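Here the structure is laid out as structure tokens; the discussion comes afterwards.
Chain naming follows the written order as A, B and C, and within any one chain the residues start at number 1.
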């Protein structure tokens, strides 16, 4: 694929300013709001059962994140998910900590049963647990995937019907047939809380502007990762890195993105 | 009005360090706490029904923000609001996203019915919806007010009895008879999540130290806006802007405020 | 004590990367997550009754913070606390705002009754209220302790069985017999919301790697305070200070810590 295909999607996000509705955790929610803005989208957070369907129906994408899940919020996620499904609005699921507790694993399965998920984005441990191929999760940290990650992602995508994204040093995006690998990113992204959650927000903003969600997800992860690379270059540690991450994604021009994007096929 | 009338209020906030009790959303709550501190006030966040009345009764101002409202929190807002009313503590209402969903609009009307609101601060879309003069809200973003904003604010203030603040490139503050316009501020304030919420916190801190709440609200918006102008001058993007915004409000001296305040009458 | 005894604990946190499970408030939760990472630990936040016991049982320490408590969260705190107790995992309690409202004071007493608390960390006002020796709390701000703080902390530790930490210009850590005073820290730490909460997170990370919890708590407060001193040296105000605080704790080497630690006996 040509770099311009990815950078055109960044231009589209900036131009259309898609509304990204989040039902997410209370730990990194502010970062999700600000990274959505930095990507060019417009964030909204709402989880009351009285309003989630109405809010989701006006969004360009719906992001569900179970980082600090509870029963009431999961019920709202299902309401919002069904409303998004009815309007063909893409639903992105971030199964934070799936595998760490039975409640998280069961909740993710319930969400997968009740809602038509477009894109499932997790780390290697979470995807390992959910695909049934193994994987260890401690707290919300991944402790790796056993076996060939690309093959696991492909097989899980085929059996589930979701686009599967595995975040890592190289991100994997696949719909089972087509697979893209993203080499953008920087180790400092692991030094702060919330980069995984923020990645899902950016995936949501990009999914809202393109029907090709393998490409849009790879573009989102590449743009976010490139911002991370640039931020790392001027950071003295995780606090200054985080501020720089918002600066860099916000100021990233399509031309710079086209020059810096590192997406390839396996 | 002379600049010193506004800067004296900043001095008063710094000296009296008023407690500002918030029932607010979980997206920007940390920013509200830190901007209250930067203005010179002392923030407290509490929303359990068992304690909100007691907490509100010891505060200098009560800020209600429906950004991520739910039924239980709204019930607590009413308890807190009634306790504040009994003690003549000013209540500031930020109707985030009113008009976007029926639940938000109805909740704001319920709060207005049950609680004696001193100051209603919204963006043009929210005030348009609430005043019945039109206005469009998508997610939590305003898409403008139809007609003469000053006249709408004045009329709405007269009919409701609230001081009405409309935030925007020029902020409008009116009690129906007297109107002040605030030209301080910077476009970068729209690049981060939460500036609207933070403005309400600062309005709360200033309301706690003055019975003239048209003047105190204009002073708050001017101080916050001036901090935004100064922060923009040394920011590379939204992340560094946000850190600078707290720095600048915190270090703003009354003398600098008197020199930089831009408040006038229509 | 030799400085190396403290710096070895920092090395141990970095090496073992203990999981610190938090049930905490939604105001400063993101800061708690990021400071845990900066200290070398791994944060996890979870409060659903369905999963807290399972999550706590895999942690190295459990931090309970009542900053924005509600009944459901307190019930989860008790479940998590009992699970931690069963596995001999240290429980750190931060009684934010105890004394400000009856609900907070009663909740802290309930937590003390139901859960075996290893370390109680509060400010002078909170500890004064809980020890029954006086102390005033407005909102979540301390207004001091009446009398000899060291003696009060010692007596309260003896009668309660907790290690008692009182944060302040000089932090006090005592188990009733042995007392350590920590002089690290900087006045700018009071300019941002959440430094008290963050201190409890760091205490948790250090408690997970040492059975000597007087020493580990003093080491945690010294490392956090030293990071604050270094951050203040390059901050222009509270916003840049906060970013620098994460940078400085993250980059603090054991050798630098050994040179900068200021812990002594009364």
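Definition applied: a residue touches a chain if its C-beta (ideal position, glycine included) is under 8 Å from a C-beta of that chain, and two chains touch if they have at least 3 such contacts.
Only a predicted model underlies this, so the values are computations on that prediction, with no experimental measurement involved.
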Magnitude of the superposing rotation for chain B and chain C (Cα, nearest 5°): 120
Same or different contact residues where chain C meets its copy chain A, judged by the half mark: different
Rounded Å distance between chain A and chain C, as computed from the means of their C-alpha atoms: 33
Residues of chain B whose C-beta touches two or more other chains: 26, 30, 242-243
For the chain C and chain B complex, residues of the former touching the latter: 25-28, 30-31, 67-71, 97, 100-104, 138-141, 191-194, 235-240, 242-243
Contact set on chain C toward chain A in their complex: 19, 21, 26, 29-30, 33-34, 37-38, 42-48, 50-51, 54-55, 58-59, 242-248, 250-251
